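Here is the structure we will look at.
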Amino acid sequence: MQPVMDRGDLEAFMRAEFPQMAARFSVREVRPYGITVTMRAGEADLRPGGTVSGPAMFALADCAFYLATLAMIGPKALTVTTSLAIDFMRKPGPGDMRAEARILKLGRSLSVGDVMLYSEGMEPPVAHANVTYSIPPRG
Amino acid sequence: MQPVMDRGDLEAFMRAEFPQMAARFSVREVRPYGITVTMRAGEADLRPGGTVSGPAMFALADCAFYLATLAMIGPKALTVTTSLAIDFMRKPGPGDMRAEARILKLGRSLSVGDVMLYSEGMEPPVAHANVTYSIPPRG
Amino acid sequence: MQPVMDRGDLEAFMRAEFPQMAARFSVREVRPYGITVTMRAGEADLRPGGTVSGPAMFALADCAFYLATLAMIGPKALTVTTSLAIDFMRKPGPGDMRAEARILKLGRSLSVGDVMLYSEGMEPPVAHANVTYSIPPRG
Amino acid sequence: MQPVMDRGDLEAFMRAEFPQMAARFSVREVRPYGITVTMRAGEADLRPGGTVSGPAMFALADCAFYLATLAMIGPKALTVTTSLAIDFMRKPGPGDMRAEARILKLGRSLSVGDVMLYSEGMEPPVAHANVTYSIPPRG
């Protein structure tokens, strides 16, 4: 199955529906069942010591998996997070972050998968999240 | 075991170390192995439709469990989130939120527990999180 | 909302559908949105040192939440585990274990809640699980 | 960093320490920070309809991550599961199962990673688990 929305479609959707998100997140690549999204870490995302905060990493993982799902099913804004479990493994640097999301199962009512988070300039991942989204019924 | 920091100690700690957090979160009650924290939902925390965003709920759960742990072990700022798994169950309203955190196990190196999140004016919980914090070694 | 199946109904259901489970698990109490289930730890459930194994604790948590859900919605055998996240906090003893399950949200398609596990003769909980079950559509 | 135990070492360790596990699980490949383990599904692992049970899949994921960790750190039997979160995505068939475990972070006191579970003869994964193990202090 191929994506039904591409980078341009997803970014236009974010600007229209979630302008706050559109200013922080950029779609880099859309693949079947997968996406790459980057986040510009702003002042509000940093903790003392210059590390990106947990809530900012949560926001990036959540946004990336949402967009990966919409890319496959189309612009259903009511698709919502059911659960998100994140393991924090390394302290990110103060720079931009990159999320690699993949969908492991796309069913009629649930999209299940995971997201690996990377900090610019560090090779090993800094966090890993398992995510489930609920897809609204058709009709 | 009794808490070693009370409401005033925790709020002073937040103001000194995390001024951004101190402006959003208030400690309401400190108990042995438990705490009540509230969050004033600001513009940046709301999604279209007037509901509090997932990252804002994550931030509240994370902050509440952090403070519950510090209340028992003292002001060790380097105590960090190891993992946080959150189930979103109901859409919160646009108002303030309340977190009830409890520590289920306080070991030498890990603090493990959960947090129930409530939306002002709704009785059933809107989200539930399992949280693990890593405690820095003494010395 | 009151349970639609009581202790006797649930145990008869287990004997008919899952005889292996019926031999290990006993329903102690059925409440609205909650249940108490005990497990007799057999030889196969023990690890060296006489502690109950992780998979046996998983089985107890899973079974307890399944029965808590069926008690509320009736005997729909096709209700299946979607996700289960368990934190192991203390080493249980070699004896029987008790699960206290509670449903935090019972929707049309998902049942979400948690389970606390206790080891006979120990007061603090030994493990805590967050569980989501998928409920088959009606009709 | 290279593994310090190979297939033969791990299987000998299981036979000596966990003979019940050694009869069900086989190590297929050991890689740096990763392992492939298979499980022979026996009568006790099957549910009505001929599908492998949740607890059996939990046991496989748990065992695979344990062995992946020991392969890197050596035979420390007291390494124990701290948390395991499993998403069940598809119904497995009645045959053997395969686990692909990878370590995402190997710290001094925690080993964190995930495990993908496959059912013989099915291409997409049937379950995905995030796992954290606690490593005993040296000395």
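To keep things simple, chains are lettered A, B, C and D as they appear, and every chain counts its residues starting from 1.
Basically, contacts are C-beta pairs under 8 Å (C-beta built on N, C-alpha and C of every residue); 3 or more make two chains touch, one makes a residue touch a chain.
Predicted model, so just to flag it, every value in this text is computed and none were measured.
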Selected interface, A-C versus A-B, where C-beta contact pairs are more numerous: A-B
Chain whose average C-alpha position is farthest from chain A's own: C
Copies chain D and chain C - interface residue numbers shared by over half, same or different: same
Whole-Å gap between the CA centroids of chain A and chain C: 33
Separation of chain A from chain B, taking each centre as the mean of its C-alpha atoms, in whole Å: 23
Of all residues in chain D, the ones touching two or more other chains: 82-83, 85, 87, 132
Parts of chain D lying in touch with chain B, wherever the complex brings them together: 82-83, 85, 109-110, 132, 134
Residues on chain C engaged by chain B in the complex (per definition of touch): 85, 87, 89-90, 104-105, 112, 114, 124-125, 128, 130, 132
For the chain B and chain A complex, residues of the former touching the latter: 17-18, 20, 44, 47-48, 53-56, 58-59, 62, 77, 80-88
